[in-house]
Structures are given as C-alpha cells and as structure tokens.
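The chains carry the letters A, B and C, assigned in the order they are written, with residues numbered from 1 in each.
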Amino acid sequence: MSGIEYLIQGFQVALAPTNLIMCLVGVILGTVVGVLPGLGPIEAMAIMLPLSIRYGPLAGLILLAGVWYGAQYGGSTTSILVNIPGEASSVITCIDGYQMTRKGRAGAALTISAIGSFVAGTIGIIILQLFAPPLARAALSFGPIEYLAVMLLAFVALCTLSGDNPLKGALMIAFGAFLSTIGIDRIAGVQRFTMGIPTMMYGINFIPVAVGLFGIAEVIRIALNPYAPSPVKSIRLRELYPNREESRRSIMPILRGSFIGAFFGLLPGTPAVLASFTSYSVEKSISPRKAEFGKGAIEGVAGPESANNSAVVIALIPLLCLGIPLAPVAALLLAGLEMHNVTPGPLFIRDNPNIFWGFIAAMYLGNFLLLVLNLPLVGLFARVATLRPQVLMPIIGIFCLIGSYTTRMAIFDVWVMIGAGVVGFLLTRLGFSMVPLVIGMVLGNILEDNLRVTIQWLNGEISLIWTRPIALTILALIPVYVVFIRLAGRKVLKSGVSD
Amino acid sequence: MTSITSEYILTPFNAYPMGQSIERGEVLKRVCKPSRKKMKIFSRLEFIVYCVFCAAAAAIIVPSVRLGLGGKEELGPGLLPFLASLCVLATGAVLAILTLLRREKVNPSAELEKIDRKGWIRVGEILFSFAVWPLLVGVIGYIISTFLVSLGMAKAIGYKGWLRPIILSISITFCIWFLFGFMFHLDLPAGFSF
Amino acid sequence: MKRMLLIFATSVFFFGILFSEVYAYPDKIIKVIVCYEAGSATDLIGRTFFQHMEKELGQPFMIVNKPGAASALGLRELLEAKPDGYTLGMSCSVNVLKILGHLPYTHRDFDVIGIPLVTGSILAVPSKSSFQSTKALIEHAKANPGKVRMSTTSKGAVFWIHARYFERLTGAKFNMIINPGGASFIATQLGGGHADVGFAAYKPLQSQIEAGNIRILGVTTEKRVQGFPNWPTLKEQGYDMVVTGWAGIVAPKGLPSDVYRKLVSIHAKVAGSKGWQDYCTATGTMAYPEYAGEEAAKFLDQDAEIQRPILEEIGAVQK
C-alpha cells in the first residue's frame, strides 16, 4: 500500500464517531487550557489520562495530542489581548501582539495567529507523514555535543533580542540565568540557593514569573491611570480581520516559523518555547521594519505562533519513532500509549500502521477544527479588549492568581507571580526589557545542562569535538548566521525603511 | 481629562529647552523645573536599583564558588551562578557609573508620565488585593477569597457603586469554580469551609 | 421507659454511624500523590496499578504528580494530609530519604501499604558495541580507567546508585555521564551510540531493545527474570550485584485500623492478580503479593540496610 492509500484509510478510521469526538474534545480542551494562564497542557493531559484509556489507543492518542497542539492555539489569545502569556511558548507573542491590540488591531493579530498556527501545524504534519523515520534516526544521532552546539546557535540568535541597550540586556540575561539555577541541581544533586524553603527545591517555576512580568506588570501600569482613553473605541467588522498589507507581510514569517519550529521539535527540552523565541529573533533580524518590532509588528506574531505549532507536531516524531519522550509533555503521551500496552518506537509504524495513519489523519482534522473554531471566535475575543479596565482588571487579576497557583498547586508560586509583577513593572519603567530576562531563565538551565553533560562526555579531551561532524557543522553555522544578520541589516539601511 | 494628561506627558527631549523654540520654552518653563528634579529622582532610582543588583550579585559570588566550580572533566554546580553573578556585578557597576556621569543629561528610553499620588495609592490597593488572596485562601477557602479579592480589585480600580462590582465578582468566582473546580477537578484550597 | 428508649435509639444511631463509616470506606475519590513527573516510569506503574485497585475498591483514584527531590517534596505534602485513607503517596526512595538528607523521616513515619513492583536494573550496551560480555566490559574498563562512558541519571537516583555500586564492586573506573533528563536519555545515548554502557530498567529501554539498537549484558536480580529467560543475571556471571528498585505505596501515619487493613488486603489481592502479574512479566519486573502492610515495611527496612553501605561508599550520605 502506498502512503496515500494508508492516509485515506487513516481518514476513514479518524472519522469514526469515537475518534472524532475525542478529537473535538481534545482540541477544545486544549484551547481552553491554552487560554487560561498557568494551567498547561501537561496538567490537562494528566487529568484526561483516565478518559483516554477507555476507548482504545488511537482515541486516547488523538485526545491527548489534541490537547497539546490545541494549547498552542489558545496560548496566544490572552497574550495578544491582555499581555498575559497563556503558555510558556506564547510569552514572546505578548510583545508585539499586545501592542497590536493597543493600536486596535487585536482582531488582525488573532486571525494571523490562528492562520499561522494552522499552516505551520499542517506543514509539520506533512513532514511527519513523509519523513518521520529518517528524521527520528537523525534525532538519535544527536549526542550531547550536538545538542550543545544547537543551543549555542540559539543563544547567539536570541542575543539579538537584548533590546536597545546591550548592557541592560546583558544584566537581564544574567539575572534570568541566575534565577534558573535556583533549586536542586539535577546533575550534582545539591541544593542551590534554596534558602531553606522546601518549595524552592524544585526551582522557580517559569510560568508564574512570566505571568507576573508581563501580566501583573501591565495591571499595575493600568492601575496607575485607569481613566486613560482607550485607543480601541469600537470594533467594526472590517477591522476584525487583517488588511492586505498585514496578510502579505505575514506569509514569509509563517513559512519560516514552520521550519524553525520543525527543527526545534526534534530537540530535547521544551521545543515550543525555544522555537517561538528563535522565530521572533529571526524575524526581527531580517525584517526591513526592525524598528517596528516591539510596537506592533505583525511578523512578531505570525512567526512565533507558527513556530510553536509546528514544533509540537514534530516533537511527536522522537516519541512515536524512537519511543523516547524528549519533551516532558511527550512523556505523558508515552504514558497514555503504554497504558494500552502500545510501545512506540522504531517498530511502531510497522507494527501499528492503523494507529499511526489514523493519528496522522486525526491531526489534519484537529488542526482544521481548531482553525474553524478559532476564527469565528476572533470577533468575540477582540471585543474583550474593549472592556473597560474596571471590569477587565478584576477578571485578569483573579485568573492570574488562580492560574499561577494551578501550575504546581503551591501558594509559593502565587507569591512569585506577585513579586515578578512588581519587579517587572519597576524594571520596565527604568527602561529594561523583559525579553532578555525571560530568555535568560529559559536558556540558562538548558545551556548549563548541555554544557555540563558535554564536558563530562569529553572528559578533558576537547579534541574529541573534531570527531563529531554534525556538531562541527552546527558550530560553523554560528559565524555564518552572524554574518548573514549583519548583511541583512546593512541591506535595510541601504534601501531605507520601506513602508 | 485627555487634554490635561497630555500636557503633562514629558519626553526626555521636551524637558530640556536647549535648542527648542521659544513658545515651547514658555510652556515648558512651568513644568521644566519640577521635571528636572524628577529626572534626578528618576536617575537616583535607577542608581539604587543598579546598586541593589550589584550588592546581590556580590553576595552570591562566594556561595557559588563554595558550591564548586569544577574542573576540566566536570563542571560544578556553582559555575553558572558564579558567571551569572559576575556578569550582573560587572554590568550593574558599569550602568551605575554611567548613571552618575549622566546626571545632567538625558536618558531613559521610557516616557515619563506625570503620576499623581492617587495613581500610586491605586497601585498599592491593587497589590494589596493580590497579596491578600494567597494569605486568605489557605484559611477561608478559595471561593470566598476569590470573591473578596475580585471585589477589592474592582473597587480599587474605580468601579463605581456596589451592585455591579458584586455581580462581577460573583460571576468571576462562579467561572473559576466551574472551570477549575468542576471541569478540571483541581484541588483548589478549601480552607475549613469547603 | 421513654428514657431507656432514648438511650437505646441514640446508641443505635451512633453505632450506625460508626459502622457506616467503616463499611463505607471508600465513599469518595482517593487522591494519590505520585512523587514523580507525569509520564515517568513510576507514574506509569502507579497509574496502571491504581487502575486495577479501582476495580477492586470501587472508587476512582485521582493521581496528582508532585515531583522533586527524589520524592521528598511529595512526601512532605503527604505528611500534612489527614490520615483518613483518602490521601496516599507513591515513592521509590522513602526509606533512604533521611540518609540522603532530603527529608528527616523514614518509611516508619508513614503507614506502609505495600510494594506493588520490584525491578532489577539492566546492564546495557549499544548493539554495535564490541563488548560481548560483562567480563570483556570490565576488563576493558579496568585497562582504560575513565575512558568507558557510562550513561546514568541524576545523583541520588536509583540508577545512579546502581551504576556507582557497579563501579565500586568491579574496581573499574568509568566516565559517568550524568543526564539531568531521566532514564529516557540513557536510552537515547545508548541507542545512538553516544555512550558505551548504562544501567536502567527495562521499560525506558524497551523500544530501543526491540529495534535492535541496544544489547543486554546482564540484569541485577537474584534469579533470571521470568519474562526474559535469556537475560543472564550478573550474579551467575560471577558479580555479586543484586540490587533492585521498587515502587512503594504509603499513607500518612495513623490510619484507622479497618481502613488500613482494607487497603493492605486489596493491595495484596491486586498484586497477586493475574492482570498485574502479566503486566510485570511483560515489563521484566516482579510483583510479590506478600509485600503488603507490615511485610512491606520490613522489606523497606532490609532494603534501607542494603542501600546504606552503598550510599556511604559512594559518598551520598548527608552528614
């Protein structure tokens, strides 16, 4: 049977009533979970595990995966509307998305985000369908040094986001990196800076910090002057959707984001977060409208939102084809499958073609369902932005409080969120950008872990690096990337800022 | 309202009449003096923040080294904190010195808005409402805490009257209960009541 | 007469409540704090086991994941829960946490319900490795100290303890690659050939073993594992390494005796049931239905005594 025939059969299975309902439930739940700050796909999937067992492995997989990629759709909604990241991967969308809302272009941002997510998700599924086994083998050939090389490349790329003042940016990155070290060191097993508080042993959770830095800080800022006239007076239907120029500008970022996300999906850690950050950095570096980033550039929404969706889809490849969950969320999917006695791995596609192809078909369906669900809701959501602060602030405040609590069911996280809000507000007024702080927190841990494992691996023989061609290629890309960015920037200056 | 606030919006360049036209200068003279003092206060705050960062970083350096920097074959747990705090210390120090040098000149990229005392009081009330929730929730349970805190926030941010804020708070609390307690079956703290 | 009737009625009423309490356990959802991340090996074991328990007990179990500090964080929370049988916990290290310094309590500070599963570790190498036997591996490692890469998990974790014990036992020095990501990274490193050897349970390595990327040199159990009779034990190869990992179910101390007895008897029943035994055989692990209640606590005592010298040797003990 050829691939297309398998796929058609897969669609037949996916359209069976049980599977279809599971798909619908999964994506709707995922979207809701994505919108709510704090609650993430992991918690929702864990709660859905018992339900996923009832109807067979395919239905369970469809349900759980639907929650995961559905959450990537929903996460951007609150980021754009009220500057509150619903998911870690939506943090970067807050920057330009919220500014677009303040200019009255919330509908456009939401629409582009939904469309970009759909396109990227579909591209991701196509890549999965066609290239899963070879990509899985490639993922297996990545050892510690290769991971380190990729993280270094990502770090260099993300350095361009340090804001106007490189000194302030460096301060923020270092501060963020320090915050990421608090907790029990997973390699040496010792406690770092936990100051005797038991909850600190697990470190400072990223979500409450992000919600505080962006959301609470914004609440404080609005509290200073809640009577300021809102730039968004009313939403006319025509203004709900992106105009021609915005659509045109979004095409390339969406495509680029899809492939950037696909790349990060194969790496361990949280693929969606790294993917969205890197996509933003790339878009900002090569855009002729660099100055607009941070003030409402549509590329800053299109790229990251596409990247996080394709990353999540591609992250399924190591899970399904290697049986190895590289992302924490994938581990839950693995649990879901194992409870049906289905073990994913290199023999998975061969032994369970109906599950694999049914799942692919269900993903296409789910992606489409999400688009159909989200687009009409854009109007409803955009209207939320027009609510006056007196009504909006309590709603936001309470959801932030409860949300940060539900990340780990710890009151400590609520205090972290409040503290982060105060700090974020203060630092933003003093001209610091919160983006490098967030980058420091996210990358600090990952870079450190990869560096230490690599050093252990090398055991003092640095020359061993020369025996790893993949790592060398990636490292060589770093100066290439820097030169490329410089050239792209120079082209901008020469041609002037076109608009 | 709008016109009043816009008069008070200062940008760094407006605050200093150097090279500005005369008419602007007249208007600005009124706000210039207090604004220059405001600039100094502002820079002073910045300076203090940098000093706090430097002090905290300096305090972390010794514990980091004590955690172990490791050697050629294995990097210790103290390495990243050590490097990070060094970086914070260095950049913080440089920025602090720059602030001192720039005392009479322009600076922060943020726009200054004239904030009146009422604004700060509102901020205080909102922060208080936020802080009250984790304190109360362990004791009274999340239903009542959520209701009280959302009511407090609504009033702090200027929601006139009592009936509408109460209705809003009740709906918010109900949504929270429905979504988190019922749909997701999460274990929100129940205190002694629920 | 009326007074007698009143006293009689009241006492019947109270006895009724008492009895209804007893026979009504459980009458609502039971929360289980699994002290490891969702999707991890122990989490999976717990979810499967409690699925079986649910059928026997008739009430659903709600699994809550509270990872951190080798289960110390979750257990801390368990200690604060009411000992009414509606909150349980699952941990793999509850008996050594005091020794490690993560928690000032041992398993004797809890009511031990049972040990559903015991597993040995597998000594695994990439299939294209030149080591055909444990002997060859050890000889090569001794001749090249620090050169043979052993992939393992965080310090203090079960597989790390096994790896260090192997080092000490054989006298060979390995280059330990400590992976912060958990046992699945051992599978990646061995499957991709980035490390030379590693210790892990069967489940994380299963897909790579089935695909033929990983080969098994030995297993650390007393006797050959039932489901996989062609795995030689390390003991029969001449290396006296019998170490096991296990998962245990505990409750806060002070359970009412009937609740305790009920939980323990259901645990023993499920652990001995065909469904669970089949699961264990398929995953290369073992279940002993007699490890329930006090027997389980005794097993934990013994296991702590076995682990203590290992931990002291490898310097993990918090003084």
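By definition in this document, contacts are C-beta pairs under 8 Å (C-beta built on N, C-alpha and C of every residue); 3 or more make two chains touch, one makes a residue touch a chain.
Keep in mind it's a predicted model, so treat the numbers as computed, not measured.
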Counting C-beta pairs in contact, which chain pair ranks first? A-B
If we define chain centres by averaging CA atoms, which chain lands farthest from chain B? Would you check? C
Centre to centre, by mean C-alpha position, how many angstrom separate chain B and chain C? 45
Separation of mean Cα positions, chain C and chain A [Å, integer]: 34
Could you put a whole-Å number on the gap between the CA centroids of chain A and chain B? 25
If a residue has to touch 2 or more other chains to count, which residues of chain C qualify? 64
Could you list the positions in chain B whose residues touch two or more of the other chains? 185, 187
Residues in chain A with touches to at least two other chains are numbered 187-188, 409, 456, 459
Over in the complex, which chain C residues touch chain A? Could you list them? 37-40, 43-44, 47-48, 51, 60, 63-69, 72-73, 76, 146-147, 149, 154-156, 175-181, 184-185, 187-189, 191-192, 194, 203, 206-208, 210-211, 213, 282, 316
Across the complex, what residues on chain B touch chain A? 1-2, 5, 45-46, 49, 53, 60, 63, 67-68, 70, 72-81, 83-85, 87-88, 91-92, 94-95, 98, 107-110, 113, 115, 119-120, 122-123, 125-127, 129-131, 133-134, 137-138, 142, 146, 149-151, 153-154, 156-159, 165, 168-169, 172-173, 176, 179-180, 184-189
Where on chain A does chain C make contact in their complex? 42, 45-46, 49-50, 53, 140-144, 184, 186-189, 198-199, 201-202, 268, 322-326, 328-335, 338-339, 341, 343-348, 408-409, 449, 453, 456-457, 459
Chain B touches which residues of chain A in the complex? 32, 36, 39, 43-44, 47, 164-165, 167-168, 170-171, 173-175, 177-178, 181, 185, 187-188, 190, 192-193, 216, 219-220, 222-229, 389-391, 393-395, 397-399, 401-402, 405-406, 409, 411, 414-415, 418, 421-422, 426-431, 440, 444, 448, 451-452, 455-456, 459-460
